[in-house]
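What follows are several structures.
Look for chain A in each of the two complexes below; its partner is chain B in the first and chain C in the second.
Now for the complex of A and B:
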């Protein structure tokens, strides 16, 4: 990793952060969607506490839909606002992908920091392993952000990109969700779950997807 | 022609072997468990075709030769056909052996997720206006999708997400627990199914390459990445003024 590459990543990340701080569209839309989903789940569980397995699945569903709605914007909005061509002239594809993927990860982690405690409070689920919960959510958010960033990059120039984004990202997110559910099952008190293996595989997925992403983005960058 | 006759004879041979094979010991329904001859090979081969599709996608992205894209999409189409076959035969197998068509067995779930991932490939592929852009983006997706295969096949089923009904069957097929007669029939069936679908792949590639030649001669496949579809321009006759 050379310094100019790191500088380019930092510049793209800084640009995304500045755009977000000016408009806060991504943060608000992701947060409102996730909080709305958690509220609905809380209402659904008024009459009974869900099992660890169900609670883990519900939490990931809330984060999943929030991230598909909010994170794809980073790539899609460049095409919608007509700034993508300028970016292609001024920057290299690898740093652009990494800058946007890191921004997506930070945004999703920020949303998760608010949503996970709210979920525990509303759904009344008991957390027996807080460190496992934090590790699982962090690694899961990294995996979700890597996949959604790649899908956003692939769908950004397609016809009906908003709809297509959901279609291509949901199936690719299912392996991440399956491992994420196993990780959180242990955190919510299911002793049979191999949760730390699931956290390790979530980390592996995040590394694998985010490593391959820049190369694939570079291959379609000027198509 | 010889290849087709060979495939026909091989198909008849495999059917005869299926009828002749004894019931599979260790399964609740021994006689109907013989469906594994037609269930396990498609499940194994679909992954093979998907990986081949990813290899051709890499070659396309490196060379920008649309013939590799044709091979990639042909492999993914054949792989999807095999994946559907494996899912449907798996459901029949599950109903007969375990009493339910679907019970979220890890293997059943992972192959279904794989099917969804490649169904999305086709949605992406047909969302671009030009063949060149469609080829590039769907190739990138095919490579990304192939990266999920190791997680779906090797890692997720071992995470104890759900109790597996496949454990005995997997041990029998992969762990070498099949008796010699069964092993011979199983691998013969695997080879015959591979040859059948390799033939289907070859036919699809030929058809795709002919379509490519037609598009090039019609001027539809454009070299420039951002050029719009020019459509077919036909000569027009101008009328004389008088």
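Now for the complex of A and C:
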């Protein structure tokens, strides 16, 4: 990564953070959905503690829908608000993708920092391996954000971009979800789960999708 | 030649908006592009700016581009100075020039005001500042005087004069006052 690339990524990330801190649209939409989902899951599990597998799945469902609702707009809103042209005049697609993808990861991790303790509290699930839980959630959030960023970038210039985003992201999100569930099963007390391998897979997927994203974004950048 | 255009054409579906556009602009020259509404003036400038892909022909240049258009949206949550800072960081320009630049386009009092509170004329001035920030070799102006007051129009005239000393200008307009800045004219749809 050269200094020009890093400088551009930092400029895009700074702009995204500044706009988000002033508007808080992404944070609020993501957080409201996640908290709503966790509250509903808490009410549903009043009569008994869910199994580690079910608890892991429920937590990822809450984070997944929150991320699809909130993160894709980082790319889509540039086109919808007409600011994409300014970005194209000033920047290169690779750093724009990376700046926005890193912002999405930070936003999802911030939401997870709030939602995961809430989930543990409401759903009354026992955490037997806290470090595994933290690692799994961090790598899973990075993986989810990378997939959603890549799909948001790809769909950003299409007509019906919201629908297209959902269609292309679903098959790519499934392996991230599967690995995420395996990682958290171990954290919630399932000894049979190969959780650390799953955490490594999540990290690998985050790196793979983040690396592929700039090339795909460059292909649609000026079409 | 600073800007060379050969066989340029654009079509939307089966309809050609324009085709066979050819011109070469040496440094110090200004080209005025005129034509009725829908003749493709803005589209031509967008192609020159690299924002749109031509259906035929090619554009060759070896200089920084500055582009001003009323259709160029700004970030409503950012202030004027933050726009310049953002653009400067992306372009890798040295610091300290932002406030001077905003002063030169008459926005020093509004530099810390968010763009959502800017008038149409103030946004036009900020777009102009963003375009000239990198001292472009090629300045593309789409209806630059639209929505500007007398003072703003004088500012555009000053920018045009300065630009001639360092490069070329392509100006899309039907305003008789702006047309007189051109050394040559390209009429689209003729």
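Here, the second predicted complex is superposed on the first by the 223 of 223 C-alpha atoms of A that agree within 3 Å, B and C clash if a C-alpha of one lies under 4 Å from a C-alpha of the other, contacts with A are read in each partner's own complex, and residues count from 1 in each chain.
In this text, contacts are C-beta pairs under 8 Å (C-beta built on N, C-alpha and C of every residue); 3 or more make two chains touch, one makes a residue touch a chain.
Given the structure is predicted, the values throughout are model-derived calculations rather than measurements.
In the superposition on chain A, A:208 contacts chain B only, with no contact to chain C. In the superposed pair of complexes, A:81 makes contact with chain C only, with no contact to chain B.
Using the contact criterion defined above for the overlaid structures, shared-chain residue A:13 touches neither chain B nor chain C, since it reaches no partner. Between chain B and chain C, more residues of chain A are touched by B.
Once the two complexes are laid over each other on the shared chain, residue contacts for A:167 go to chain B alone; chain C is not touched. In the superposition on chain A, contact of A:216 is made with chain B only, not with chain C.
Once the two complexes are overlaid on the shared chain, A:199 sits clear of chain B and of chain C alike.
According to the touch criterion, the shared surface of chain A, contacted by chain B in one complex and chain C in the other, consists of residues 222-223. By the touch rule above, chain C contacts chain A in their complex via residues 49-53, 65, 67, 71-78, 82, 86-87, 89-92, 114, 130. Those residues of chain A that touch chain B in the complex are listed here as 150, 154-155, 157-161, 164, 167-168, 170-172, 174-175, 178-179, 181-182, 192-194, 197-198, 201, 204-205, 208-209, 212-213, 216-217, 219-220, 222-223.
For chain B in complex with chain A, the touching residues are 61, 109, 113, 116-117, 119-120, 123-124, 127-129, 132-133, 136-137, 139-141, 143-145, 147-148, 151-152, 155-156, 158-161, 225.
The part of chain A that touches chain C in the complex is made up of residues 4, 7-8, 10-12, 14-15, 18-19, 22-23, 81-83, 85-86, 88-91, 222-223.
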